[in-house]
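Notes follow once the structure below has been shown.
In this document, chain identifiers A, B, C and D correspond to the written order of the chains, with residue numbering beginning at 1 in each.
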């Protein structure tokens, strides 16, 4: 019963079908019919004109999006626990040619206008200090907490006031939308680009970078090739994205994962370190409690000395979630 | 009847099977059993210790290999028509942080010791000029011509004399090995790293970087993550590589493609611009002749004003090859 | 009697005076009165609005100018013998983050519209090939040949048609202007930025980057700091530039050097490989002839096997030039 | 009466003399006699073999030193208030190709082994997180506090244990040595490279990078050229360094500055935020007190809302220091 992560979960049957269906001759790279249809598909989802590029990883999605917004001498404000800062092996430094991540603090790994201002207001307006060019937020956050549309709107307002671009890392965007119950466009807010995650949600190896400003996409097209991310059989990536979006599979999968997380959350009570607003749970428990849980067959990561992280996925079995909830209640 | 390229060809059934079989829970990234088994698998193929990393594109393979060998202030000698120079969107400049490609000339897009010396000998040994740190050759070359083991040995000898690393771009390495009929290790020669192509030969989106010096692989591991190429469900890439290597499928596929190319070549006679030593044909023919061929249903690229390029693949139908041979003979 | 190069020549007395005069308290970096006065000074020289930044080397000037024009995924067309390609240790690769130098050929190390088109016309308009974003020419060229205003206008016209920026490497711009006898603005043509050389012409270690588009200068300001080229006692660089421009010292110095070159040229006759349009002479002569010249006390570089390069400077003594002319005539 | 900074102070007469004396013909770049003599000169100062390269700014010195030690995918541990983090316009990101600055905390802007461990111990040993490759400390620190030799030895011990390189930013190294009263080699500790500052201490625009590992210097030579920092009239930079070292002028100048600082410090009492161990004073005082001081003719920077920073220099007049001391005492 694995709750380690959603990042290596199985591939959804509908994705398999789409992959097989894509195994017909078509143009290489992103000239195939499936790739060409992505802009329209995402424009429908977000109810505004989008340009969508597939890539194989969330790291590539985040970094290509940011590289289209931020010059090498600029900076990006992000949370100090953001994935781009902590877990991407320095990829932003590579893709942005040494641009700086400017680390803000904030509860639940979420940024607020105040937290962002605390980073950018002290920057002297001179060439000796790196100037911010963009803000990157994560929807849902590293702690599985979702920004309300109004929260993003406030951040976007600040970004606009200061001439900053706004990027959303949506590795678990589906879970946020499913939790918020709002339109996808609202959950993304007035961002310039969104890393639209699918891999954690049932795809094999396809994410989308959704650009709401087509000029950024033009730059990103070149950068994607330059980063070795333009696959020659791109139709197999496009197919995965279409499969995820068809009939709102992405939301159904996310709802399933969120539902399992809620079931477990209900058993955690005061143990919860953060509200459960996606598919991750951060649960206070001692080393011996964790040992007990592992003894009962549950896989998960320690989260420091006094907590554990559980992640549900699109294919988490309801029985397993129920069992974990029971096991936590039993502690 | 497509002879445009092998780069978007269908995925081989054995690869599909392996992909499906890989859809079981396992560790993320490259911690799964399939990924962990790659070193041994490739060591068997090359009859010496190898460290093998999967990546999703040939561009990533080439650039990560080179980035492990060449510092940002160094240079790489390659053919002026090499893929890394002409068709990778400047990826080497990105991955190597501005290191320089030093362009050599040579018949059939192949390098020779003399051609390499013509590039490096005039370089003054001072800081004003970029110093070469590596040589990159392509096996088979951009014109479908294969290096004999003795030719590579000579180049490797020069590399060794001058303290240069040797990289082999093997996007069509299988076709070269199949053509040469030698051991894979001989076709790679005493290189430091080989980009082992599979995508043009029946895989979906997996190539291997085969390092013969494990120290280079250690660097490349970090660089792969940093480039956003460490997929979380890496088992699906490893599975493709295993499928290609199992029962020498890679060689069977290449032999098929090469055989089709030879059948067509036999009809070309004096029209051939280069010997056919892999699965590509460069055929002199006029615009009207090309029109005739297209009228008969053949797809291919023009190669300048007076020639056409035909590429066969693992799944080229024998009938189609025969038809093309006939059509060319009929011109 | 040194004719090796002008790059290490003595510092002009007027520059010394200006340096000493600058040794009074003032603001650090480029906030001092002398630095602040540069824009106006150069605007007067070029008869149009300029933004001028000092830097310590021609390499920094060229690379900061280009980095303000060309994104990392772009390219710069330059002559295959241009200083930025041959003699700057790969600095463009560093400053431009891996952007590509696209090498054109041309007589006398000069570019022509045809030579540029021969480079850029074959570039496919797709992401697989690096797209040109700028052209860089050298005034006077590596062979001491000066572009006529009409020649630059043609190149600028092509640049404009293709949406390319135009940079002029003016390491010996003064010599070109002195030779052409035209207004400085004409000798620079409708460029976007000019590396205005002073070090070869009597300064100690100050060059100017003259931007004719202020938006580029804004980027370059940040990049200069980021490259460690914003000196804290910048007034000493600004002082050198003012000294060079005051009373057209730069042109007087260049006229002197050019005059010495002409005197020598007159003795060379058929030996000249290129017309002498600045302060460099490329003179056919055998190894034994070079030995003879060295035996008579002349210092110079061999230029391949069958020629020698002589460079005059602002402080070349007339006697020395006359002696060299005589010695060449005596060969 | 300026106490704003030492960074734009006048040039010492001995430096002027050396500059003038260097205005004789010699080889370009660093092939002149003065440049060639630097290794020996610094080896004498540090009582061990050194390789010394001149550069024009402290930023270039720091970044070239670090770039010789840290690969693009690595990291450097430094204090969160270190100059390389706060005031170099992102130059480390540029020179180190996106390597990461890993920010440690510590009193007085000084690092301790514990502070460094707090940064590096939590880093997982995997490719998802940037691994530290070097430590950079500042002697004297941003708050004018000097590391004791034993403190550096402890840090160097940790560095050695963890396989990390050690860099010392010595923009005010002379002031630290003068304060500590120890041998220069002790004040640098067992570092791999030292940025040896001269500009704040009487030079015009020359610093030295002193390498204690010659292999690093070899890399840095290429990187210096590549960064446009190899001046063609390098003898003028070498001359400044020789002038500073001759007869221990660097230490005499630093002692003067330190002495002035001590005189002022004696008047500050409880107002001092940090011990005065070099030539900087951080003095608690209210806005109205600062107004009073400015009204009496003193120039200095505010340090936040409740403090002021005063910096003395080699040419601070004793009267001025005494006046400032008196003025502070009068508050």
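The rule we apply is simple: a residue touches a chain if its C-beta (ideal position, glycine included) is under 8 Å from a C-beta of that chain, and two chains touch if they have at least 3 such contacts.
All of these numbers come straight from a predicted model, not from anything done at the bench.
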Chain labels contacting chain A and also chain C: B, D
Longest centre-to-centre distance from chain C, chain (CA-based): A
Chain pair, B-C or C-D, that carries the greater number of C-beta contacts: C-D
Between chain D and chain C, distance of the C-alpha-averaged centres to the nearest whole Å: 34
Averaged-CA centre spacing for the pair chain D and chain B, given as whole angstrom: 50
Geometric centre distance via CA averages, chain C-chain B, whole Å: 42
Overlap residues in chain B, where contacts from two or more other chains coincide: 72-73, 88-90, 93-94, 97, 127-128, 222, 225-226, 230
Chain C-facing residues of chain D, complex: 2, 5, 7-11, 16, 20, 23-29, 32, 55-57, 59-61, 63-64, 88-91, 93-95, 199-200, 204-205, 222, 225-233, 235-237
Chain D-facing residues of chain A, complex: 72-73, 75, 86-90, 92-94, 96-100, 127-130
Chain D-touching residues of chain B, taken from the complex the two chains share: 71-73, 97, 127-128, 131, 219, 221-226, 230
